[in-house]
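The structure appears right after this line, and notes come after that.
Chain IDs A, B and C follow the sequence of writing; residue 1 opens each chain.
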Amino acid sequence: MSDATLHGAQPRPSLLVADPRTRKRNAAEARFRAYGLGAIVISMVMLVILLFTILTGGLGAFRQTYLEIPVTLDAAQLDKTGNRDPADLRKVLTLTYGKILQQSLEQAIADKGIAIADLSAKDVSNLISKEASAQLRNRVLADPELIGQTVEARVLVNGRVDGYYKGRVSMESAARDANTSPAQLQLADALKAQGMLATQWNWSFLTSPDASDQRPEAAGVGIAILGSLYMMLVVLVLAVPIGVAASIYLEEFAPRNRWTDIIEVNISNLAAVPSIVFGILGLAAFINFAGLPQSAPIVGGLVLTLMTLPTIIIATRAALKAVPPSIRDAALGVGASRMQSVFHHVLPLAMPGILTGTIIGLAQALGETAPLLLIGMVAFVKNFPSAPPDGLFEPASALPVQVYNWTQRADPAFIERASGAIIVLLVFLLCMNLLAILLRRKFERRW
Amino acid sequence: MPVSWTLLIVLVLAGAGYLVTRARVVALAGGDTRRLHSRPSYHGWNAALLTALPALFLIAIWRFLLPAANATPVAVLALILAAAGLGVALSRSAPGFRARNAVESMVKGLLILCSSIAILTTAGIVFSMLFETGHFFQQYPWQDFFFGTTWSPRFGGGSQLGILPLLWGTIYISLIALAVSVPIGLFAAIYMSEYASAKLRSVAKPAIEVLAGIPTIVYGLFALITVGPMLRDYFAQPLGLGNSGASVMTAGLVMGIMLIPFVSSLSDDIINAVPQSLRDGALGLGSTQSETIRKVVLPAALPGIVGAILLAASRAIGETMIVVLGAGAAARMDMNPFEAMTTITVKIVSQLTGDNDFAAPETLVAFALGLTLFVITLGLNIVALYVVRKYREQYE
Amino acid sequence: MNDMRLLERSVDQTEIKISARDVQVWYGEKHAIKDVNVDLLDKTVTAFIGPSGCGKSTFLRCLNRMNDTIDISRVEGKITLDGEDIYDRRVDPVQLRARVGMVFQKPNPFPKSIYDNVAYGPRIHGLARNRAELDEIVEKSLRGAALWNEVKDRLSDPGTGLSGGQQQRLCIARAVATQPEVLLMDEPCSALDPIATSQIEELIDQLRAEFSVVIVTHSMQQAARVSQKTAFFHLGNLVEYGNTDDIFTNPRDPRTESYISGRIG
């Protein structure tokens, strides 16, 4: 048989020399490997570019340009009656405070001897943000004793001037811009040289509410963070118990029949239903049918609960499945009921896995945007909601929706705010994921 | 709020029921708990659950299903139910009463209820959309919706609401996204499971998982401020293909990046499910590693990979934020990938945000779009999950 | 039957096919193979026996460098095939494995048709110039594995649909089709029933005409039935190597004797 080889018996070539075919095959092997490595490199590069653009674009939101000037709170303008009656003080509009700020600024410029030759009075006053007068008014209303005094005030500067110090606005672009002018920027530079104008760390980005179209410099994510927090609270309270209970039934008690089959297929399908469909459900069921208010965290929370349930159920079932049957047998063997064996033994052992799955589900819910758009979370909200439970029914925003909201505005300064809000969102997500990883590390158990 | 008051009273009653019944049963047994069939706390729980469950159930139905119903009689009815439950529990408490079995069957009932929420959700989705879609088709002919090639809603009448341009945009963008994500995701998964050293894997795998955890709004912003302008300035304008930042290509590319981790983690699972013995068999015959993968592992994993691609396609079709920010709002049927087009999900968002008039077809069309989207993705998911499940069974 | 075998055994081959000198294998920290020296003969069945964990499979996997696929394993020493060092840097393990085929413990047919299973090796190594030649190789290999008559009418059926014994013969046919010089078999019958086992054993005896066969087996009876040479491994050492008859009837080392008589194992 040996001499009947097909091409006649040839002496075998040496192992030490690669034959041409092997060389060709090895080249193919190297190419294939390179494709694989390339794919990984591309993914990593994309991740880096993505994070880099968001970070560089958004870090500016955490810094803000302020003007530090002495402001004379003229009693004649602010309190004509002179009795510091809060009701009367409230009648004084922000317009008046705007004038006071303008006068103070002009005074300060004159004191420092800065030339403002080719600058109109409007250009000078425009240097100050429209939000600044409202902030000053709030400060006076909170402390009427300030009236009549001259106080050092930290005054928000117009978004264009702020943009100038963050590199978004240049002298060239200012020349073409109706909202600012090179002369105004030169004035700002002069003020900066005098130490009156500085770009500082901006806490109010994290604490203040959204601001209107004209005032990007005042916009913050305070309400959005609170709204997201409220929704996470609802999800935590509803999705976790329901999800865990459903998983326990399906994994430990459910008979294998058509009904449980339907439930299982249903859950895996729900996990893949587009999120926007849940938004339609929320709109139709919770707002139009059940009559819950629009823009309320409770509705957002309910929608996100329904969306998160499949994730939590899938993770919990995996955790329950990982507990070996011997544990259940041991409990049953000493006379525990099945319910007892599950609640006393299996569930505690599965807890780390359940927690990890829950956190990942919550993180998903936190970043979800599309369904919230449909239940009115895009509305402009200026007032903080009160504490739960009532606050759950009051209008609020949410972090990812706030990002969307800002991308829809004309002023490019809002893009910086949007990126800043994403940084906040990513920080939250990072913390949650780290927590999940830590939990997994700490409690990881191999059976 | 009468709801919270009723709730509070019911819960207090339940708590009291727990304590009273527990004490009563211990007393009946003469202090010797060994004479009880069940531990005393089970008797207590039995009372608490009997008190709370029917009343809470009633309140839930009232609050969410009949929001318009008069509050006072329902609250009174709930309290009567709670008191009756407590009474029943007290009268049945005796040392021989099988409280544990009673509690366990009630808990089991609760568990079943919770697991049915998934079904309720699906039913809710289907019914809410069917209902409004029905309204829509009463006002707008379905032939024009499904076969119309123009999308121009006009509040005030005379709208043309054809789905085809939206469907075209959706499919075009999804195809580009798949063309980006499937090769990259698949090769990444192959490299990760077959070649990568432990060190590389410990860096690359979390990195790809991070990509998966980034919310889609972030990708949307990336499309809007980075990818869109870049494609416009370096490709579309020099080539004379348009000057829009938002385009099919922008949305498709970014969505492709979003789907890479999705495809790669699914493929990774599937490739790892191929038994090692098959790899050994091929290597033992003198295959190179890539021949083993291409000719043995991948063919063996093919059904699973097809399932994964279908799941990715369904994700792409249903994705909203990336297309809202990256694809544009103009409904158009064009081949030029650098042109702004729009998708089903974009139009659902634009028709349903702001002030809605739920009598106008321009608003109701969003439900018909939603239902279409749901049916398409559901079909893809069911096929994909079936294929993947069959595939897994083969190697179990 | 035994008498016949003894007669055959007496016509011994003397040409050395594989020779191992001072072979050491480490799995991470574990020293799995220690100082193994052995010469395996051409056209002979050599059996590796020994208690489980003794290193016989590990050593077998060194002979076609399958250990390369395990990250933590490290091989030292010299193994030559026809006088060429197979661990030389210039040697491509892919080319080596084409000449030293392997059959595994569990039948592992690819999820392809019977034909494609057998044709896999010839295709990747480019052994056939056209379809007719490939058909010929497939038929010859299936005949060589004593499977042709059972499957000739259903070559396009999936290989995974065959019975366990048939699957294992398919795997042998698949290995034979690449026209190797040495066939390594790692406990090829351990997953099979007695009837399938005896078919495989008969086949191994036929394969000896063409190949040098090395078989790892758990069963001493099997070693005695199929092999001309036997090597006994214990705790990573090659304890004794010689003619099968001598090992089983007249072991020199006390450890071999204990194992043969069932005291260790």
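As a working rule, a residue touches a chain if its C-beta (ideal position, glycine included) is under 8 Å from a C-beta of that chain, and two chains touch if they have at least 3 such contacts.
For clarity, every value in this text was computed on a predicted model and none was experimentally measured.
Farthest chain from chain A (centres taken as the mean of C-alpha atoms): C. Relative to the centroid of every protein C-alpha atom shown, the closest chain centre, again from C-alpha atoms, is found for B. Rounded to a whole number, the gap between the C-alpha centres of chain A and chain B is 20 angstrom. Computed centre separation for the pair chain A/chain C is 62 angstrom, with centres defined by C-alpha atoms. Centroids of chain B and chain C (each the mean of its C-alpha atoms) stand 53 Å apart. Residue positions 288, 291 of chain B each touch two or more of the other chains. The multi-chain contact residues of chain A, meaning those touching 2 or more other chains, are 25-26.
In chain C, the residues touching two or more other chains are 94-96, 99, 124-125.
For chain A in complex with chain C, the residues that touch the partner chain are 1-2, 5-6, 12, 14-19, 21-22, 25-26.
Across the interface of their complex, chain B is touched by residues 64, 66, 69, 71, 94-99, 101-104, 106, 108-112, 120-121, 124-125, 171, 174-175, 178, 184 of chain C. Listing the residues of chain B that touch chain C in their complex gives 197-198, 275, 277-288, 291, 295-296, 299-300.
The touching residues of chain C, when paired with chain A in their complex, are 81-82, 84, 86, 88, 90-92, 94-96, 99, 124-128, 133, 136-137, 140, 144, 179, 181, 209-210. Residues of chain A touching chain B in their complex: 25-26, 28-29, 32-33, 35-40, 42-44, 46-47, 49-50, 53-54, 57, 241-243, 245-250, 253-254, 262-263, 265-270, 272-281, 283-285, 288-291, 306, 309-310, 313, 337, 339, 360, 363, 366-370, 373-374, 376, 378, 389, 400, 403-404, 407, 415, 418-419, 422, 425-426, 429, 433.
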